[in-house]
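Two complexes are shown next, each including chain A; its partner changes from chain B in the first to chain C in the second.
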Partner chain A sequence: MALEFKNVVKRVGADIHIYPTDLTIEPGGFNILLGTTLSGKTSLIQLMAGLEHPTSGEVWFDGKDVTGVSVQKRNVSMVHQQFINYPNFSVYDNIASPLKVARMSKADIKARVGQVAELLKLTPMLDRRPLELSGGQQQRTALARALVKDSDLVLLDEPLANLDYKLREELRDELPKMFKGRGATVVYATSEPGEALLLGGHTAALHEGRVTQFGETARVYRQPQDLISAQVFSDPPINTCRVTKRDGRFHLNGTSSWPVGPAHAALSDGPFVMAIRPHQVTPAEMAPPAEAVRVEGTVLVTELSGSESVVRFNLEGDTWISQSQGIHAAPVGTRAAFHVDTSQCLYFNVEDHRIAV
Partner chain B sequence: MARKTTNQKAWFLVVPVVVLVAFNAVIPLMTVVNYSVQETFGDNVFFWEGVKWYEQVLHSARFHASLLRQITFTGIILAIEIPLGVAIALTMPKKGFWVSVCLVLMALPLLIPWNVVGAMWNIYALPELGLLGRIINGLGINYNFTQQPIAAWFTTIMMDVWHWTSLVVLLAYAGLRSIPDAYYQAAKIDGASGWAVFRHIQLPKMKRVLTIAILLRFMDSFMIYTEPFVLTGGGPGNSTTFLSIDLVKVALGQFDLGPAAAMSLIYFLIVLLTSWVFYTLMMKNEEQ
Partner chain C sequence: MRKLTWLAPTLYITFLLMPIYWLLNMSFKTTNEILGTFTLWPQEFTFDNYIKIFTDPTWYNGYFNSITYVLINTVISVSVALPAAYAFSRYRFLGDKHLFFWLLTNRMAPPAVFALPFFQLYSAVNLFDTPIAVALAHCLFNIPLAVWILEGFMSGVPRELDETAYVDGYSFPRFFVRVFLPTIAAGIGVAAFFCFMFSWVELLLAKTLTSVAAKPIAATMTRTASTSGYELGLLAAAGTLTIVPGAFVIYFVRNYIAKGFALGRV
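And now, the complex of A and B:
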């Protein structure tokens, strides 16, 4: 069932939480709201749920205008970042709570709860209270409450953010399976680009109360429409610098230049903002990519994890990040050379930061 | 092998605490224990009496009567103040200008000295002069708290409710404010009723603060002295003579130091034991 926002605005006092937004979310499947804190993810989720109502504009669901319809009548379920369960109910009663309100028969409730508990590996804990469970199990209980009633719309507001790393990975792998074949539209808010890529589906990039881009996750990642969307969808932050197109080549401050590829041949000569993801900037000692240009900068910080090196360096006044496999210890303060994969460079207009075509 | 050096000077560091605790708790308490097992005459002459005073107090009809009065009083004010405090906390605004107004209004009774509260209510409830007294009598009800035990009880309870419900309100309000909005949203999505939200979210989440509120109100009301002393002086007759008032009558009025000391210790143990049992039960319940 499609969820549609028509020119929706949300204002709270003098603050605008959501700027005019048009958004059509495809029925079924995973939809991701990707943005940093305060980008408007939670506001959008609340509007989708009907917990908040738009200041202006309309919300349509399944071909019906539901703008003023209260949350109880919308058949939605929601999981919050905090682990929200009824504290003095057992896990069983927690999972059963939406069904009890819906006055389902005892036998049906038992069957449904059993099934969902099995799926979420909660069967051994059904008699316990939420506070006796680990964080992961508490959140599984909350997820089970969202799954047990056949909602048309399932809203997940950073459900994994409060879990520790291992549990987060485990639950993230299971999430798409849980919702598979249920026909519910799932909306998942996250601040982690990596999570969006792993979950797939569609992604809306959000920035300061605006949806900057919406489309298939991989497409939004590979073909950002503007610099903001590219920045939202990059972790560590995407590298940017000014380049000038002249004589069939892009020039980086006269020091480096590379030929313009066929995709950008039609661009007029002049300045552009070039953006490149950190993992496409590799230390010079590694084998260069097929289309590469060499740049040099002063090393600011080097972070070495077990299998990965992250080097921050100053490139002509811009702070750039190189993220590469293996250990590449570049001493802080020295000049170091890197290869930029020019086949992956994105070019944006200088004026409006839209993608240059 | 290195010899372990001992430095006894460290004992000096704990001297201040030892002195403080001694003067503030141990010595006064032991003095009372001392009195409770001896007969005292003038010129500090003592005779060993063993548990005689304890037996006397525990078998005295007067002590039983005060204890019963005390338990009844504490039971009544807990039954009124806890639900009333929670109810008021639930109706208080959640944000905006009125929050501070409500909080200040609620805190006001708590800031008034106890004997002033007693004096205030004394004047307020006087049948001839007081606003409350005149209104009740104006309604055709014969009301005089200096002569009728029931009126005296009514006035004492009203006074305590007025003075102390705020404490429960403030604690319950703090408990309510600490519940994340997400709980209410989750309940809304489930379609839970207002009663269900109260019963299954607000009440369990307020459990800790309410435990504290009940404990504080139990201990305070069980030891109540100043307010009824000023309001009724324990009267009419003995009708509002609660344990503390009775204790002072025995100790200072009759100068029966032995029985008074024994009574103090029994009194102390009752408060301590009840609080301990209550707290343990609540916390045990929490763990399950």
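And now, the complex of A and C:
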């Protein structure tokens, strides 16, 4: 049951929430909408659900045009970022509500609610009201309600964002298992690149109402089509700087240079935007990667967590971030050297920021 | 110093309760005692005043009339305000903010302004001296109030709850009645209470729009002298009974009153 957006535009008043978008989501499996706040994740999800209708363009589902079909007539379920449950219903009635509306028999409802409650560890709370539960349990209730009906499309709008760290990890591990073997197409919106990588499947990178890239999650991560997609899919932010290709080498402001690899041999000489992820920039005291170039910068901030160091430094006017294992405390204000793994560098055209090929 | 901490609240409560106590005190006295001597409690304790009110139709009908139009008004106000408040809380439309504010300005005009037009209008359509006339007249200031209170409570309910219900398959009417109304039950209670209260204490319109058949208790009470001279004991008893419904209703919404005064925006 493929979900297809054909040139969909969403405009609210004078604001464009979604720019013309073509998107085909394959049936089954996990699909991730990755983008920051206001990138259009929620707008897309509402269009997918049928809660909002496109200003122009068409939405097709399972080979049928569903553009004008109301949400009640589409077989979808949805979980919001906020813990949304019916406050005056018990947990049991909350989970049972879509089935009751669909006029399923009492015995069937009981069996299915019991099964889903078991899966989500809600069995002891079935008689309680949602607001008496912890945040994690409330969100489990919302997930249970989304799971209990056999919907064709499950929309999860940052379902874990309001949970604390421990619960988030726990539920994130369980999520893909819950939807396994259901045949439903799952769309999962998140602002965390790490979450997208953990959940796998396909990812659409979103930026200011545009889908900048859609494809297999690992592929979007490793082979971004443009700089924006690379930026969306990087946390901490990806490092960028201007480089110049000349005489078979890339030059960084005349201080550092490295040989052009076979993948980029065909590029014409001239300026490019180079991007490199923070974990591929390591302090010089660590063992350098196989293909490395040494750069130097002034340390701005050093953040040490238990096992990881994040150093922000000024590299010829650009703020760069180095993320490395272990404790590497570079004093603020001093010059420090780092190794850039040149085999992992991404090169983009200066004019349109598309990947340079 | 510490031992005197009870003093301030005691004084405060004493002064607050003084008029109510005096009313109660008077209601158990004979008129002669009230006019003749100054006594802190009834010397000749009597239930005659209350018996008179419960047996004389000119008195107890006043209560019936008042309760009738107050209840009609409360029901109309809340049921008309519910959809309006939902629209203000959930939809954006041309002039919504202005309209919403304009509603409240209806409360700012003294009822006396409307007494004359209402009197003429209701007489012309043969509604004069009926409970429905007073109930409708009170809608003028109760509906805006109810809309404001309910809008506040409704805006406290996340829009995502509506979406969740639609996704679950609820139609709008079913969602509104089965999910939404129970969710804002406290708000409906508070709105109903305020409508009840303002309609119950409003005297001017109620008096202007009635003569005999639908005369409210407050109008009956303002008649201080009758053929048998001053009946202060009787009036005190009527006043005491008039406090009761308000106190009774306020009991049910006591936990939400503060939120109601803030028009649901706490």
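By definition in this document, the second predicted complex is superposed on the first by the 357 of 357 C-alpha atoms of A that agree within 3 Å, B and C clash if a C-alpha of one lies under 4 Å from a C-alpha of the other, contacts with A are read in each partner's own complex, and residues count from 1 in each chain.
We take it that a contact is a pair of C-beta atoms (placed from the backbone, for glycine too) under 8 Å apart; a residue touches a chain by one contact, two chains touch by 3 or more.
Bear in mind the structure is a predicted one, so any value in this text is a computation, not a measurement.
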Joint occupancy of chain A by chain B and chain C, clash or fit: clash
Partner chain in contact with A:36 - chain B first, chain C second, else both or neither: neither
Partner chain in contact with A:72 - chain B first, chain C second, else both or neither: both
Which superposed partner A:56 touches (first chain B, second chain C, both, neither): neither
Partner chain in contact with A:84 - chain B first, chain C second, else both or neither: both
Chain A residues contacted in one complex by chain B, in the other by chain C: 46, 49, 51, 71-72, 76-78, 80, 82, 84, 86-89, 97-98, 101-102, 142, 145
Contacting residues of chain A [partner chain C, same complex]: 46, 49, 51, 70-72, 76-78, 80, 82, 84-89, 97-98, 101-102, 142, 145, 149
Touch list for chain A against partner chain B, complex: 46, 49, 51, 71-72, 76-78, 80-82, 84, 86-89, 97-98, 101-102, 129, 142, 145
Chain C residues touching chain A - in the complex, by the definition given at the top: 158, 160-161, 163-171, 174, 179, 182-183, 185
Partner chain A, residues of chain B touching it in the complex: 180, 182-183, 185-186, 188-192, 200-201, 204-205, 288
